[in-house]
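I'd like to ask you about the structure that follows.
Order of writing sets the labels: A, B, C and D. Residues in every chain begin at 1.
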Amino acid sequence: MRNLKRKHEAPPKHVYRAKPLPFRTLLNGISDRSLKNHHDKLYMGYVAKKNEIENHLEELGRAIVSGKADGGNPTYSELRSLKEGETYAVNGVYLHEWYFEVLGGDGKFENAGELIDALTSSYGSVEAFIKYFSECASAAHGWTVLAWDTKESRLWIYNCDAHNQGGVWGALPVIVLDVYEHAYVMDFGADRTLYLKAFWKNFNWSAANDLFKRASSIRL
Amino acid sequence: MRNLKRKHEAPPKHVYRAKPLPFRTLLNGISDRSLKNHHDKLYMGYVAKKNEIENHLEELGRAIVSGKADGGNPTYSELRSLKEGETYAVNGVYLHEWYFEVLGGDGKFENAGELIDALTSSYGSVEAFIKYFSECASAAHGWTVLAWDTKESRLWIYNCDAHNQGGVWGALPVIVLDVYEHAYVMDFGADRTLYLKAFWKNFNWSAANDLFKRASSIRL
Amino acid sequence: MRNLKRKHEAPPKHVYRAKPLPFRTLLNGISDRSLKNHHDKLYMGYVAKKNEIENHLEELGRAIVSGKADGGNPTYSELRSLKEGETYAVNGVYLHEWYFEVLGGDGKFENAGELIDALTSSYGSVEAFIKYFSECASAAHGWTVLAWDTKESRLWIYNCDAHNQGGVWGALPVIVLDVYEHAYVMDFGADRTLYLKAFWKNFNWSAANDLFKRASSIRL
Amino acid sequence: MRNLKRKHEAPPKHVYRAKPLPFRTLLNGISDRSLKNHHDKLYMGYVAKKNEIENHLEELGRAIVSGKADGGNPTYSELRSLKEGETYAVNGVYLHEWYFEVLGGDGKFENAGELIDALTSSYGSVEAFIKYFSECASAAHGWTVLAWDTKESRLWIYNCDAHNQGGVWGALPVIVLDVYEHAYVMDFGADRTLYLKAFWKNFNWSAANDLFKRASSIRL
């Protein structure tokens, strides 16, 4: 919650703003129709729901704290429902932003020295990493994430089956790949392999490298 | 994976070591039998499984990269199973460590100035925060986490229904509360409210403040 | 919904009644404190929540049909939350009833000829079945269910990780075993093996046989 | 398992056969490309995985019973993985078969007297039922199911977020609607409302009525 202290003021409004796609180029193999559907409808829908849920929670939280509303119940309660919807919407927003951030490139390993070095050191070669990461992505229902795991200061791949399933606490994403059906069914039907190839063709290694440098500098 | 490059060496062993409880005092209201069960059997069991899974993945990953093993399938495959078990075990280890880290205190708000200030600013008072956080914890099946959410540079409460459900990418835990039944049923039966009271009585605000200071200094 | 047709009447009340434990004897190895907690607090709590949710849905459903309330959204909506809580509560009620129904016995294979024959035919012996079913139960987070699967007319074991996870459509339970932590942590800590032994010691084969005879007679 | 008794024989092979689509007509608004992808790749893929998993379980089960393989562990074990994949694959097969069974019609309420009467009695009119069922389907991630719930002898709508989430024990499907993204994204992008309209246009009320008559005759 925010500023609950100032009781006499109205609760602050949550106005998280949807980010535009961080690239202008047409993607190679992923249709504009699919991408627009993905960004303008799905991602922007999650942003709207995130704001709706968090505004709702501001009010409910105040009412609970002041004894005017019922608190939590783990089978069904308004608080439970909102908190559950919140992790779905929040991760839905964040993960899509990280995903779009590494798209729009040309797949060339330029300006990504630090990440390339780290991947080569762990996986033997970038090609070996791409192969393994892609197989992990073939095994997930939702997302595959290469993250800087601050708990162990390691670069690690984790798999998610939904926006709010599989998230690892303390892990900062570097490469986020969406394997929800909405990401590929329109262009490729059930053939996820073709989508994975298209992902790497459009991959922006330089953007991923920036995420890696910032994340991996953190020592908690 | 680690050091896959050096093909002729055996894969490195994952030997994550279980941490001992970070306090020696008996807890107030939470029995030693329950705590020992929690730390020595459950937590240490997750550590053992994390090592087992990651060692298994080192081998499978190498075999996949070199074309000697099948890759991923999202309905059932060895890779899928291990990656799913991994987020369960890894979060099971990490969350328990953060949980034990803020136990063993006396519930007094000393040496926790920065966190107290931040909570007061957001929730009006620490008491209001405790009330709201506890109600969130009454609405979850697994964990309630106050985290520094690096995506928005905000201190936020998130709810989880299992070790690997509800985790938020990019979020660094500050206060982690276990509400799995194993945390309280032995001492309190189904009465989670009594457990929540005991949690705050044994809360180590100074330890939580240290986590907060480190996490909130991060700007990505 | 029920009787929505009669618009001018108030929606009917859902008054599902909690069933008492179907046995009076003390269990062997499972404490009365644990059992009372299980039945009187948890199970009866699910019954209360089931009624609350379904009464709430009666009203919301009418409002949606008549255009006075918003409909469904898959990220967060009141309808989504209630429908999700419903499968949790409904299965929480049903599964506990089937579980209690096969407790309170002495573990002797009497008056259970049909089921014993079927298990022997599939698993080689009842002991082999008990061994395999128990290992399945050691691998689940919620329930293990031997069911008559009407889609294939087969007797089959399925595993569940939560009340509303793992349920198989068209399957009629015969032997339901609760492996949620609330079922055993109070008496056995993390030692689920001891609980499984206690389960079979208190198993009512005759009651399971009745369930089997009725279920397996069904041909769809 | 099947026929474990005959130890010296090889385990029986699971050879569940994929059913062809039960209609020949082109659907109205749902493209053939989408339908072929849905039936020939996804559904048939689940059938193949179901057989693979169950054959694997036959072997593992025998090895466990004879002490030659490790049993179950709830964080990660081969048995856990297979049993979890099994409910995903089995429900993936069954639910798709029930879904295809009520497609290929013309949406006219003919030869469906019993079901129409039951729906009218519960929901006031078939139109009110369609409206409410469709809103439930707008609130789910996986499936919406009208089922005959044998535990309470009632016709009820339940929502699922995945093949193996939300299933209700003892419930026999009558109307099964797939709202996974694979069912509609190719034809309608994120616009699920258009898909729901198409579903009802192609609905086979007579087939649903047959399912209803058989299911609702059952009294356990």
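In the analysis below, contacts are C-beta pairs under 8 Å (C-beta built on N, C-alpha and C of every residue); 3 or more make two chains touch, one makes a residue touch a chain.
Quick caveat, the model's predicted, so the values are computed rather than measured.
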| item | value |
| --- | --- |
| Farthest chain (mean CA position) relative to subunit D | B |
| Approximate Å spacing (C-alpha centroids) for the pair subunit A, subunit D | 30 |
| CA centroid of subunit A to CA centroid of subunit B, Å | 20 |
| Where subunit A and subunit C are represented by their mean Cα positions, the distance between them in whole Å | 36 |
| Junction residues of subunit A - those touching two or more other chains | 45, 73, 80, 84, 86, 141, 161 |
| Overall pattern in which the protein chains touch one another (line/ring/star/complete/other) | complete |
| Of all residues in subunit A, those that touch subunit D in their complex | 33, 37, 41-42, 45, 141, 161-162, 180-182, 185-186, 189-191 |
| Touching residues (chain side subunit D, partner subunit B) in the complex | 45-46, 49, 52-53, 73, 75-76, 78, 80-82, 84-86, 88-89, 92 |
| Contacting residues of subunit B [partner subunit A, same complex] | 1-5, 7, 16, 61, 64-65, 71-74, 77, 79-80, 83-84, 86-87, 90-91, 94-95, 97-98, 120-125, 128, 131-132, 134-141, 145, 147, 150-152, 157-161, 164-173, 176, 179, 214-215, 218, 220 |
